[in-house]
Amino acid sequence: MLRGLSGAGLGKLENDEHLIELAGRYGFQAVDVDAKGLIERHGADGARELLKKNNVVIGSIGLPVEWRSTDEAFRQGIVKLAQAAEAAAALGCTSCCTYILPATDLKAAHFMTLATRRLRICAQILGGYGIRLGLEFVGPHHLRTAWKNPFIWTMQETLDWIDAIGEPNVGLLFDAYHWYTNELTIADIEALRADQIVHVHINDAADLPVQDVLDNGRLYPGEGVIDLAGFLRALNGIGYKGAVTQEILSAAAPTDSPESLAERSKAGFDKVYKAAGL
Amino acid sequence: MLRGLSGAGLGKLENDEHLIELAGRYGFQAVDVDAKGLIERHGADGARELLKKNNVVIGSIGLPVEWRSTDEAFRQGIVKLAQAAEAAAALGCTSCCTYILPATDLKAAHFMTLATRRLRICAQILGGYGIRLGLEFVGPHHLRTAWKNPFIWTMQETLDWIDAIGEPNVGLLFDAYHWYTNELTIADIEALRADQIVHVHINDAADLPVQDVLDNGRLYPGEGVIDLAGFLRALNGIGYKGAVTQEILSAAAPTDSPESLAERSKAGFDKVYKAAGL
Amino acid sequence: MLRGLSGAGLGKLENDEHLIELAGRYGFQAVDVDAKGLIERHGADGARELLKKNNVVIGSIGLPVEWRSTDEAFRQGIVKLAQAAEAAAALGCTSCCTYILPATDLKAAHFMTLATRRLRICAQILGGYGIRLGLEFVGPHHLRTAWKNPFIWTMQETLDWIDAIGEPNVGLLFDAYHWYTNELTIADIEALRADQIVHVHINDAADLPVQDVLDNGRLYPGEGVIDLAGFLRALNGIGYKGAVTQEILSAAAPTDSPESLAERSKAGFDKVYKAAGL
Amino acid sequence: MLRGLSGAGLGKLENDEHLIELAGRYGFQAVDVDAKGLIERHGADGARELLKKNNVVIGSIGLPVEWRSTDEAFRQGIVKLAQAAEAAAALGCTSCCTYILPATDLKAAHFMTLATRRLRICAQILGGYGIRLGLEFVGPHHLRTAWKNPFIWTMQETLDWIDAIGEPNVGLLFDAYHWYTNELTIADIEALRADQIVHVHINDAADLPVQDVLDNGRLYPGEGVIDLAGFLRALNGIGYKGAVTQEILSAAAPTDSPESLAERSKAGFDKVYKAAGL
């Protein structure tokens, strides 16, 4: 498993280059960045060189498509998706992720038909570039009622949705926070096959009743109450070999320097990896 | 378009043979029957002969699969579906239909993922036999709240679901009652392509406020307030050539003899076809 | 059915604007042009205005993707396809076509797997914009042995391929020349459903033994031996309502002025439409 | 990885019960048997009990469908497939396999379209029961020209076909003999993901020039020249955990008793597993 960094949790980064440089300096092996932006600024060769020089690969890109509202909005993203996929593929990245809001203002069943079709189109386009699509279920309780109608938020629902989408290159973005807020167990991870997981997020939760845990109240790995040692051990046990990328969403951006936050992230990873025996 | 009869509305029929015989006698050209049962009782050649002798074809068979509850229940129907499809194909029938309840006790979005996958499997099996799958949206208002969570009941939602299922052989079962209770227009029919319609049901509605129209309060064609002349004219106008099959669901079974009910059905068809100029 | 013009057969056209103008002047209702180019030069509103002013719609765009060689070449076309589809959709065009060479230097079965997957991706992308993909089987005998291994060239093979691709928005580009060189009949057209046809090409063949008819030896409609009256009557009979677009491939470009060639094309259409009773 | 036995190589077995009993006695953990037959003779509970008593699971069932000839023949197998899948699922078996002949008397590209669609239908049906479909590429040179037209026989072609079929539950049946006769390497195995492999066959080859190796000239594991130690180590290395089932095809059935052949098989497995360090 590759230790990964994203911008979420590193404060006021200047740009993706800054993230890449910090990731390299603090022993991370993967970064979640905008592949297309990198190529625009450095060319494909330059971008590859930059990643290589810092000993990192791209863990995942984000899905640059609005699949949650109208067909018109969705269509406007298709060209962008193809361009993003082309760029990601050029830099050796094989995963692209999006998250599922657990509620919606639309009628839930109808929205599911629209979203199924749209994500199937996305999966096909990504598949044309050898890229997989990861879907992140989102567990925090407060979000389940943040819009009019409940949608889906459990791992099983998401696996069933992946079946409904029906493309071979769709899997989970598995986030420790959503694993925790869904009150899932080690056994739930062990019941997965590695190939069902496209990408992993890691972060920690405050010591609150689980139903009060806020989506943007995330802590650095090892600073909270999630059993991240068990989480990592189980993922490793089923043979997952991809990136485990830190994503710290918080109400207010951290004010420490990116440098010190990267150092703190490294300490967190060291702690939980050690506890996991990895 | 073929005039079709189903058992619904003909009272105490003895069996499908009785239906076939009445359909033939009263000038109907299609019947909705159990193809497999016919073959079991007559052999494939005998069943074909029986249909031919009465100048009818099979309009559609019903989908013999429980796709609305558990995976276990669904699986138990797969063999039955393959057998039913084999029988239907042997008798020249190319459509198989099911209806969509407009509400569900399950979580709506999750149920939609399960149902999408299950109906895709059904469509594939049917496709193996050259048979199309028709999905019937169900409009009466009282059913929209008859279970805990709203599901889907409009034509557009159903077309979007058909897109999500993503198989070329899935289309609408288009029922005049649901067209009416959804307050759809002639223009809504004219906006369809003929190939989007797998099967058509015809029946009429009592003169009540549309939101009070009951699913099992259906009338014979021409005895109610639905603009069936416009309905038929529009279907014919877009080039629909399949069966238009009567389906009269009522709270209490009609007590008249099947013979007299078939005669009454014929009169109804004559009236509305004439009004449609067909 | 819409009378359509393409650049093939109009000699030295200046550009698509020239084609649009001639089409309008000579009573054609559809043109096969590059939608993206039009929008780049006129803006979407300007392009729509130009089409409207000349009373034409776009019959079809070409598939701007190399799906016949390597995965790398294919991938390079995906962004272009998304852009082309976006442009076509913006101008109300709903079909995109490509042709199938009847032989290949690659191993035929393996190439079929690659091509199936690639065209499915194309169909999905196009489907995201409400556009259908038309596949043109190519009949002339000399092309069947022009590369090492036979591929496919009959209508039935192409329909079977469309089934294998398995997307609802794929159909035939039906060309009179390939219908003729495959020695198909009126009955073969009548056995199709209109929705199986995405686009139609019309042109005529020299009075030669059919196995000697050359792909680039095409004549203007009505100047050769193909039963174009029967062809058009049958297409109209099954309810086809799309464009019937002239495509005259010839070894040497015609030297007459585009204006006179458009006039000649109109005369050809007038003749065969009249013979068809349309 | 589970040591598996099939009937191929055990001489004149009385029935599947005999195979199960021998497998248990000689330390095998999986058997390739006819699940439906077992249930017909023992009931589902009895069959499960029989397997459990002998400490074996079912490695794979065969695909009981004729997908290589006509649509009619194919259709006749659909019901059988659903029944076979139901039986396999009832006994906990999750894989079903078929082999690909490397040549065909049909036109190769057209046959590929037919076979793609048929195997997609099979995959969907199997998927309804949680079963995967394994496709076995067949390497021996003499078979590549045994029918009129070359079809496919390499691993890469088969992986590309799996992509073309496009269902998530299709993968390889990976047979040591075909790996060898395709002159594939350890690195080729290491480049696979475990989830791309549905089932594995093991057997050995005579010391002949590879192009002279006959499909029905297979030897027991460890008695020939294939690097089975490397084969097994590589499969284990990528995380494959399914059955590795012996399949010895020979021109003449072995005349030794099934008992002694099972003992010989065990010795072969012991030898190559030990050499692999497993």
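Quick notes on this one:
Should a chain be cited, it is by its letter among A, B, C and D, assigned in written order, with residues numbered from 1 in that chain.
The rule is simple: contacts are C-beta pairs under 8 Å (C-beta built on N, C-alpha and C of every residue); 3 or more make two chains touch, one makes a residue touch a chain.
Note that this is a predicted model, so its numbers are computed, not measured.
The interface with the greater number of C-beta contacts, when A-C is set against A-B, is A-B.
Listed candidates were A-C, A-D or B-C; the one reproducing the B-D interface, defined as more than half of contact pairs identical by residue number, is A-C.
For this pair, chain A with chain D, the centres built from the Cα atoms lie 38 Å apart.
Each chain gets a centre from the mean of its Cα atoms; for chain A and chain B, those two points are 45 Å apart. Shared interface positions of chain A, defined as residues touching 2 or more other chains, are 120, 163, 166. In the complex of the two chains, the chain B residues touching chain A come out as 104, 107-114, 116-117, 120, 149-152, 157, 160-161, 163-164, 166. On the chain D side of its complex with chain A, the touching residues are 163, 166-168, 193-195, 239.
Interface of chain D with chain B (complex): residues 74-75, 78-79, 81-83, 85-86, 89, 118, 120-121, 124-125, 127-129.
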